[in-house]
Amino acid sequence: MAVDVVAPSLERRIERLDRIWRERPGLLGWLTTVDHKRIGLLYFFTTLAFFAAGGIEALLIRTQLAGPNERVLGPETYNQLMTMHGVTMIFLFVIPMTTGAFGNYLVPLMIGARDMAFPRLNALSYWLFLGSGIFIYLGLFMHRGPNCGWFCYTPLNTRTYDPGPNVDFYALGLIFNGLATTAGALNFIVTIFKLRAPGMSLNRMPLFIFAMLAVSLSLIFALPSLTMDLVFLELQRKAGFHFFDVAHGGDPLLWQHLFWLFGHPEVYIIVLPAFGIATSIIPTFTQRKMIAFPLVALAELLVAFIGFGVWAHHMFATGLPTITLIAFAAASMMVVIPSTIQVFAWTFTVVLGRPEFRAPLLFIGGFIVFFVIGGLSGIMFAAIPFNQVTTDTYFVVAHFHFIIFGAAVFPILGGMYYWFPKVTGRLYHERAAQLSFWLTFLGTALTFFPMHIVGLLGMTRRVYAYSPHLGWDAYNLSETIGAFILTAGLLLIFGNLLWSRFRGTLSGPDPFFGGTLEWATSSPPPEYNFPVVPKVTSPYPNWDRADREEDARRLVAGTFVLDEGHETPASTVRDGYLDEVLSMPPESPWPVVVALCVALLFTSLLLSHVVVACVFGGLALLALAAWHTREPEES
Amino acid sequence: MSAEAARLDRGRIARPNGWWGIAVFVATEATLFGTIIGSYFFLRFQVPQWPPAGVPDPKVLVPLVLTAALVATSIPVQIAYSAARRDRLGVARLALLLALVVQAGYLGIQIRLFIGDLDKFSPNQSAYASIYFTLLGGHHFHVLIGILLEAWLLLRLITGLTRYRLVALQATVFYWHFVNLLAVAVVLTQVSPAL
Amino acid sequence: MSGDSVRRRRRRRRLVLPVTLLVPLLVAGCGDQNVLDPHSHAERRISKLWWVMMTGAWIGFGLVVVLLFLGWVRRNRSTLPFGGGERAATALVVGLGVAVPIVLLSGLFVWSDIFVIRATDAPRRGSTSLNVRVTGHQWYWEIKYPGTSAVTANELHIPIDTRVRVVGTTADVIHSLWVPELNRKVDVIPGRDNVMLLDADRPGTYPGQCAEFCGLQHAHMEIRVIAESNQRFRAWLAAEAAPAAANASRGAEVFMDEACSGCHQIRGTDARGQVGPDLTHFGSRTMIGAGVLPNDREHLLEWIRDPQHSKPGNRMPGLKLSDADLRALVAYLEGLK
Amino acid sequence: MRRLVRLELFQWYGLLGAAIAWTVQLVLGYGVTVARCSTGGDFGLAVDTWEVVLIVVAGAFALLGEAAAIAVFLATRTLEHDDPPPDGRRHFFASAAVVGNVLFLMIILLSGVGILANSPCHQS
């Protein structure tokens, strides 16, 4: 690249970039921001709030189940808390935390972009998510919350057996939430396809990006069946349609098929980002590249793909024809392989590297242990007779909590420590962090392991009370104790992060010598992420010192600084050749407005005011139109 | 505009973000209709008589003709895009307007038919009626969205063409090709009992 | 750093090893709904399947833990224990992560899903000497013996060493029929007759719970399979099929005059209600309210006085009965042997 | 030039072919079973015949996918997975797909075995 003849000085360029990318300060700034980092933080704190809510629900449930025939909660309250715990942790915590918070903050940084492909859509998906979360919780606050379990089987979810608005909060809330998630997933796919820094061809994408790509694709293809299922349900509940009731030629199994056609990919949607986080932390703390890199990358895509072909193993007890069960059991057996590939890739990377067991790596260690336990019990569900025994028992509860808490949340916690310095510019407190790991590790094991045993002792899911003569008491008590230890560990983590935010030692841009691009910029990163478009020649660009020095030279020379507009480069999809320089849209108030209209739309649907709903729909469309009158400056 | 932008003398070779965005959107929409059509046949297999007694078999000719008309509008929208790319704004506007008129007519007639069906049999009677009206309603809604997009674009094109609007046009055209493809799948499902 | 890691490993082994040994001991032979305490051919095959899978699982788990442990022991060397670097490790990943699991999983698939399944799958129509029809209600099980007029609730009598074809269906929402010590479970779904095999190889009472969430009182929907010798079963069935003995007691009057008869049926009387369970031979049953209370005088008094206390939300209202009437009613019901 | 185009096609078919084959087999096979075994179904479909045909066809396409992946892998075996595109990328995906396709082959094979070992429409 030729050096500009009239190269303004370095400082002038930085100052100009700052001016171009600066956003409105203050509260209004947070409402109108399109900066993926600020939106990521919004996601982070919102999902933390929902995590707290879901955690309190869990503690209440565990208190009720601490002993036989407790009367802490009545059955109705218990059912609402049980349902909300599931809905919250899946739809309002894990997915928005991994995609919304981690994905939003890290994906553009890791691929060397300056923002997401559609910054305003990104803001919209956050505001929609916030709206849906509040919407669903309104029900619980009015003690009319969802009370039919997170998969809410029909006919229990019909007006006949659940006349209140409880199920409507669930159905409409999840459709609403689905809009937000779809918008986010779409944004990630396009961002990953198009905004990778020049040189980052598909085979040089970090594994975290592969994971986020797999998750986004899964969401895009899984959510519609849930949405349609819920639309059918609402049409049946509110407009008297018939999809699920036998009397009019419907079939209750239609609900289950559509639900699990979404619900199983969902499981992998929950764990895949965790895989991505693990594949980011392990190389950093072992200071070596992941071994079997292409295999691990493909495994992440494969697990998402095969995950679509195993849904019926949630329905093995419903009396489907044997040959149907067999076909799905075969897929359920083989869907294990991508995970075994990754488990051994992680462990052998640790064996081969020079691991330094700091808090993030400890959490990944715990993740591997728990993921293996949950995965092994998962294999057992592909054995049809055993599946038919343990389905709907606490054995299943144990299994998916090892997956969702052990395998999804542990990397999230590890990731919080790992990227904390990047976000705040300060280091967390190491000793406290390691102590918090031991607390959460013990707590998790103690909470969820005994559930396997009570499950085999015949304890079924979703019972609000159990009689003393069944030999379950001791296990349930230990689960409750574990739950409180776990809570202590979590509180310690967030206490640590809070304290370090203000008192932590300054970290500098790259405290752990990470391999991916987010460590190549300052901490916290500037609004424009990178003063110069980074050069990429491998999946671990930050370890290619030559390229980083090249960046420094470019910055001085003023090549690839893009300091003359609100710009970011776009590359070709497969091989990442520089293709064009995009001018990015500025901050916009319209996403909030659209989200508000949509929220009001769903509220009026809940109250069965169709006309009002249409009005708000129209307003939403008008707001969208206004949104698009503001075009990014033309180059 | 920046030096690098200038240095990219050759035009863009990859498709723009807007195109990818609409492509992913179309993928999820297609899945949505996949589940509706899948549910249609799943329910169809649950009952011996489909449509149930007292519900007339769906008309065949009219829907097929209408669909043909709708599918034909793929041509003018495509023309509109290629004309706009060559800065022939007038042609683009005209082609878009033509498509808009045809599509609006299609939607009008379809809604008349829809209401007519509602008089004949209500979705509260049977699973058949429920899925039938859901399928058609969903499809008509997508046509409506497409029409709104076009109307919006026409309004924007009055004040001239920008790169941003060109991408928007490209995306809308892609969406319309999808909706037309969808129309075929939907109509075939709709008339399947009468075949 | 390293000190922590030592503790970490010790802690994990301290956690894992005992558990490995404990699980079998703890699980085998405690509680009376123990999946691993099989009393039928089918359940024996299933629990064998479990023991094999569990052993394999612990071996696999051990392998991974050992590897992590190795990773810590050799944290300052960047080769595999037996030498070899990236290429060897990749080969190991492909071997341990692809080849070995494919073989093991295929084996498990063929064994469980093609052979074990034969022992647990639904018996074909006419392949058994006894058929039972079980209908789920919110929240109790209605049990009928086709070919006889016997109707009972929550207590399913079967003869031992006899294959019984249970046809499950539901009157309202989805429930799931499961007797852990006898066989796998089957969901009962509106519009479907789902079939399951029941047989017990020795006399006894085998409890089970409704496994599919079915609303407010899902927790209190117990079913008991009572397996007895063939002639005792025949005697029981004959008695169960017979109508209730004529009875002119005060209790009978109360039952007929008050709301009771509107919801409950007592064959041989004017009580023909179909809302609650059939009470024709209520006195011979062991539970009240699908397992919330044992069936004896005191608990029955407590139940009738306020059913909503012991089973909130169930369909039975508390009747304002005088104490005398209440006792008479209880005496009458207890007399329905 | 032609060789490059061929490599590109082979790489993508090697990556996606087997996956698509299995998807088609699963969806169609499931559909056939529903159509045959539901109360309103029974269009005289011979489920076994259908399933067998599906499995043979899908298996064949999956095998072709594996072959394509192997071909690309051999053609690019001198490269590293992070070498410059397009050949580095081709090598990357081919080397992974060589292993990945085995899974789809196994699924198709196992479900075939299971279907042949069971009578259609019988419950378990």
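We just call them A, B, C and D in the order they show up, numbering each chain from 1.
As a convention for this text, a contact is a pair of C-beta atoms (placed from the backbone, for glycine too) under 8 Å apart; a residue touches a chain by one contact, two chains touch by 3 or more.
As the structure is a computational prediction, the values presented were derived from the model and not from experiment.
Trainee: Measuring between Cα centroids, what's the chain most distant from subunit A?
Mentor: Relative to subunit A, the chain whose C-alpha centre sits farthest away is C.
Trainee: For the interfaces A-B and B-D, which has the higher count of C-beta pairs in contact?
Mentor: Here the pair linked by more C-beta pairs in contact is A-B.
Trainee: Whole-Å distance, subunit B centre to subunit D centre, using C-alpha means?
Mentor: Centre separation, subunit B to subunit D: 32 Å.
Trainee: Could you work out how far the Cα centre of subunit B sits from that of subunit C, in whole Å?
Mentor: Centres of subunit B and subunit C (C-alpha means) sit 51 Å apart.
Trainee: For subunit A and subunit C, let me know how many angstrom lie between their CA-based centres, rounded off.
Mentor: 36
Trainee: Can you tell me which residues of subunit A touch two or more of the remaining chains?
Mentor: 251, 295, 319, 322, 325-326, 329-330, 333-334, 337, 341, 384, 388
Trainee: Going by the touch rule set out above, which residues of subunit D reach two or more other chains?
Mentor: Residues 99, 103, 106, 110, 114, 117-118, 122-124.
Trainee: Out of subunit B, which residues touch more than one other chain, so two or more?
Mentor: 42, 46-47
Trainee: Throw together a list of every chain pair that touches.
Mentor: Pairs of chains that touch one another: A-B, A-C, A-D, B-D, C-D.
Trainee: Quick one: which bits of subunit B touch subunit D in the complex? Just the residue numbers, please.
Mentor: 41-42, 44-50
Trainee: Can you list the residues on subunit D that touch subunit B in the complex?
Mentor: Against subunit B, the touching part of subunit D is residues 31, 34-35, 38-41.
Trainee: Can you tell me which positions in subunit C touch subunit A when the two form their complex?
Mentor: 1-2, 4-5, 7-8, 11-12, 15, 19, 23, 26-27, 30-36, 42, 45-46, 49-50, 53, 57, 60-61, 64-65, 67-68, 70-72, 74-80, 85-86, 89-90, 92-94, 96-98, 101-102, 105-106, 108-109, 112-114, 116-117, 119-122, 138, 172-174, 176, 178, 180, 184-187, 189-192, 194-195, 207-220, 291, 312-313
Trainee: Any idea which subunit B residues touch subunit A in the complex?
Mentor: Where subunit B meets subunit A, its residues are 1-5, 7-8, 12-17, 20-21, 24-25, 27-29, 31-32, 34-36, 39, 42-43, 46-47, 52, 123-131, 133-134, 148, 152, 162-165, 168.
Trainee: Give the list of subunit A residues in touch with subunit B in this complex.
Mentor: 1, 4, 117-118, 121, 182, 185-186, 189-190, 193-195, 220-221, 223-225, 227-229, 231-232, 235-236, 239-243, 248-251, 254, 257-258, 261, 533, 558-565, 567, 569-573, 578-583, 621, 625, 628, 631-632, 634-635
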